[in-house]
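What follows is a pair of complexes built around subunit A, which joins subunit B in one and subunit C in the other.
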Partner chain A sequence: MQAPFEPLTILIAEDSAADRMLLSSIVRRQGHQVLTACNGAEAVEAFRQQAPQLVLMDAMMPVMDGFEAARQIKALAGETLVPIIFLTSLTESEALARCLEAGGDDFLAKPYNQVILGAKIKAMDRLRRLQATVLEQRDLIARHHEYLLNEQRVAKAVFDKVAHSGCLNAPNIRYLQSPYALFNGDLLLAAFTPAGDMHVLLGDFTGHGLPAAVGAMPLAEVFYGMTAKGYGLSETLREMNAKLKRILPVDMFCCATLLCLSFQRRSVEVWNGGMPDGYLHCVASGVRTPLPARHLPLGVLSPQTFDDRTDVLTMAVGDRVFLLSDGVIDTCDANEQLFGVERLQQVFAANHQPATLFEEIEQALRDFRGEARDDVSMVEVSLLEAAKLTPPALVYSDSGQSCPLDWSVSFEFRAATLKRFNPLPYMLQLLLEVHGLRAQSGALYSVLAELYSNALEHGVLGLDSSLKRDASGFARYYQERNVRLDALHDGYVRVHMQVVPKGEGGCLAIEVTDSGQGFDVTRVMERPLDGVRLSGRGVSLIRQLSRSASWSDDGRTARVEFYWEALA
Partner chain B sequence: MSVVTEVSPDGQKLTISIRGRFDFAKHQEFRESYERPDGQMPSSVVVDLKDATYLDSSALGMLLLLRDHAGGDNSDIRVVNSSSDVKKILAISNFDKLFAIS
Partner chain C sequence: MADTHLDHNVLSALQEVMEDEYPALLDTFIVDSEERLRLLRKSDDAAQLMNAAHSFKGSSSNMGAIRLAELCHELEQRAKQRSLSGIEQLVGEIDGEFALVRPLYEAERLRSLALHATARRF
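Let's look at the complex of A and B:
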């Protein structure tokens, strides 16, 4: 395509007046504007003043020669291409080469040939335009890139506020994420439940960039909202899946592993949908138990077909759960070989200092691939003594003037409800309307949760807690729980709560009754309050956290009380 | 062509063969392979991964789009000839719950 003719402003620097006039008239005839200079210094000054687009430069001139003038003009022009054609009677190659070295773009031998001069001006003009276009596009791309980075900064700042409202800085969590992992679809969240358990989510959305990041916000909101209200993994998962299914396009989903670490029960509950194997590292035995993906990712299945079944494993104090994103094992080397699980396990085996595990994995990836990927996320969560962790106090905004102080309420949850519904968050919300109980919300929730799960698991489902004596029995117990719950037709759990004022404070009594067989109360009460065994921990927990815990009706009814004094 | 389609003579079976890396770069071609101009969708679809070397999460998304297009839960889609690496990726994602994989 021929560019339309645009007249140029051309500077002619030539000390011979005759040559200068001759050149000027040729160039003018070709339709261009002409500026003239008699030596190099004048040429530089003319360039500075009038910014011509092209220069015809004699090499040999008084005051300042063409070489020096060319250097200065090129320096002044900066990135803009101002073509300089040297006019020269020099013929030896060395002199011609000097013209180009000084910044000249071409040369024209004297005597001048108009046709060749015209053609060279055109050719140089093409180059000049090309350079201008390249610069313009480069600047445009740079501007867009700047916008994009700024948008990412803002989005990240907003998201960090959301993500860091959790407890990623808890002393038992170590994690590694590239600063912009969010824009690779990686997501890491952690939060305490009201009972002091810890929920952790490591997720990986399909795709990259902003599309991968948009799903993170609703997912985080559901995660934090439901965890804070005391919902378990199953309900939270169902809600997250339903939400993502509803809002994401068909080809977008989120691989995720969810953990619930219970420091009091010393166990971890796991749901893995589409993430690489996580690992439970038993420090005493050195064994790493894989936590494989048993489910489709979040946002794929309809709410009706979604599978929220979890696995429960025991942990000892100091044991660790390690999760990672597929950026680790899918790292490719130059021959498209994957880093893979075996190489990861070799790094595990060679690791002696837990604190350096992440660095060792990163190093292994660099050695394998030659450079680090920016979509590698890893997190390690360890089980501490329950007392070593202090969940942050909940913040309430209401004044307490309308706090209910004298009431009672009864619920009966029957089979179809027991299967899917978790009434604990609802009941806790209700109780926390009583200001005096808020300071003990953790203990309250723990006790309520233990009473309810005892009534459901040992009462209604008839599960024997002695199954939980060892680690394998522990896993079997929870499998059996799922099976029996699925098959449940009859049975109930009744909860009666009564709040009465007492002086300036008050008292809450909770009674939980189930339709099960009951148990030998005397025998269980004789056990010491040790809390170290895997089984029967619920009862000793209840007795430690509440006042005057008692069982009646052959163990079918449990009753606990909580007291509070006048509020400051 | 890295995505090749073939419809059986009776028009009942659509075979889509992928060559090379199955990733986002094939998005357009893959969609065109099953979105027919006449709007007809054969009752069964076979995705042949014999010559596919790699599969990433966007390819999983594309398979979901195909499944959706072919009738969702009522679709009949088989993913055949997957290499062991590809099978691993499909297994981690538990896609065997949605597709018949061999």
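Let's look at the complex of A and C:
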């Protein structure tokens, strides 16, 4: 593109009066403005005051020579390109090199040739404009970059408010994430359920930057919202998958591992969709059981084909679940070799101090790659004694004036519903309308959940709890549960809840009846109250947490009562 | 005779570039050259001599004083190599060459002034 002619202001520094006069005429005839100087010092001063765009500079001048003047003018010009053409009859290459070293951009030999001078001025002007454009664009890019960083800061601040509403600071969670992991698509969430279980999600969105971060917000909202209401992993997973499928473009999805750690049942429920293997580390045996991906990532399958089946594994106090993002095993060295699972397992094997595992993995990655990566996320969750964790108290916003105090309700959930619907959150919400019960919401939810799962699993599905005697039976039990639930045609679970006022306080009675075979109540009740055995723990738990618990109708009906006193 | 001292092609090119200011350019060259010759004569060290000769060479070549530029170049080289014996003779030659071309430039100046005056009269 030919730039339209724009006259330049050109400084001519030349001590010979005749040469100066001649050169001024030539340059003026070419349409430019001329400033003149008789020596280097005058040239620097003229540049300082009138900022010419181009300089024609004699090399040999009294007071200050052209080399020094060129150096000073280049220093004053800074980033702006002010081309300097040396006027010289110098022919020795050494002298010409001195001109270049002093910052000269070209030469013009005496005697002057006006055609060549015109061409050189034009060429230098092009260079000058090019440099100006480059600087302009560089500044523009810098401004855009600053703007983008600021947007990311704001987005991160907003997101941190959402993400940190959870319990990542609980004493049993250790994690490592880049502060800007969100913009690498990595997502780590943790929250307590009303029953005191802990849900943990480690996710990895496809892509980088803002696109990878946008999906995180709705995912976090579903996770926290549904966990707080008492929904299990399956319902939460279904909802997250459906939501991401709806809002994300086809080529975007979220690999994720979800955990439900139950401190009371001493088990962990796992769903892994597309993430690297997690590991369940049994401290007693030293064995690390892989938790492999069994599903496609969230946001890929339609709600109809999505598979929410989970695996359940037993844990002992002190056992740990370790999850990691693909940044760990996909780290490449200089030869494009992957860090890989084997090297990770070597780090595991060499680890003696659980507290230093993250540092050891990071060190191994640094040693392997030669530098640290910023898209490595790791989390380790350990199983503590239930009593050592205190889930935060739920916050309610209503005044209590409209609290229901004298009512009863009955539900019957039949086969088709039992297969796919979890009524617990709904029932819990209903009960928590009663202000007096809120203080014991954790116990209430735990008991309700146990009664319901006993009725469903042992009653309707006829599963034998003695299967859960050991860890392998435990896993088999939950596989069998899924199979029988899929095949279920008949059966029901009935729930009857009754709230009656008693003085300033009140009483809640819950009765759960199932369509199953019942059990030998006397034999089960003879067992000591003991929270550690894997099988039959539900009954112990119920008896410990509720004021009174009794079974009738050959074990087909369970009844528990909760009381509350006057509220302060 | 004139061709070995003065390049007339250069002079006509200068006249075209300078237009009205051509006589003033010739005048400036004459005055400037006298100053430079004075400097040459009194220079007593090689560096000073080299610089003065270099500058004089440049303007002489611009003005088409071929022989003068050649002599200045020779002086510049000798000063550079510090072979200063017989240098006074070379300065004398430069003096002589300028004395020879000076009237030519003055005549050229008068010619162009007259031409200019004639052109203006019509």
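Following the convention adopted for this analysis, the second predicted complex is superposed on the first by the 553 of 568 C-alpha atoms of A that agree within 3 Å, B and C clash if a C-alpha of one lies under 4 Å from a C-alpha of the other, contacts with A are read in each partner's own complex, and residues count from 1 in each chain.
Basically, a residue touches a chain if its C-beta (ideal position, glycine included) is under 8 Å from a C-beta of that chain, and two chains touch if they have at least 3 such contacts.
Note that the structure is a prediction, hence the values are computed from the model and not measured.
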item	value
Touched partner set for A:G273, first subunit B, second subunit C, both or neither	first
Which superposed partner A:T206 touches (first subunit B, second subunit C, both, neither)	first
Subunit B versus subunit C as contact partner of A:L338, first or second or both or neither	first
First, second, both or neither for A:V300, with subunit B first and subunit C second	first
Partner chain(s) touched by A:M60 [first = subunit B, second = subunit C, both, neither]	second
First, second, both or neither for A:M252, with subunit B first and subunit C second	first
Common interface positions of subunit A, toward subunit B and toward subunit C	none
Contacting residues of subunit C [partner subunit A, same complex]	10, 14, 17-19, 21, 24-25, 28-29, 31-32, 51, 54-55, 57-59, 61-64
Touch list for subunit A against partner subunit B, complex	204, 206-207, 250-253, 255, 273-276, 293-297, 300, 302, 305, 326, 330, 336, 338
Sites on subunit A touched by subunit C in the complex	15-19, 21-22, 25-26, 29, 58, 60, 87-90, 110-112, 114
For the subunit B and subunit A complex, residues of the former touching the latter	24, 53-54, 56-58, 60-62, 64-65, 68, 73, 85, 91-95, 97-98
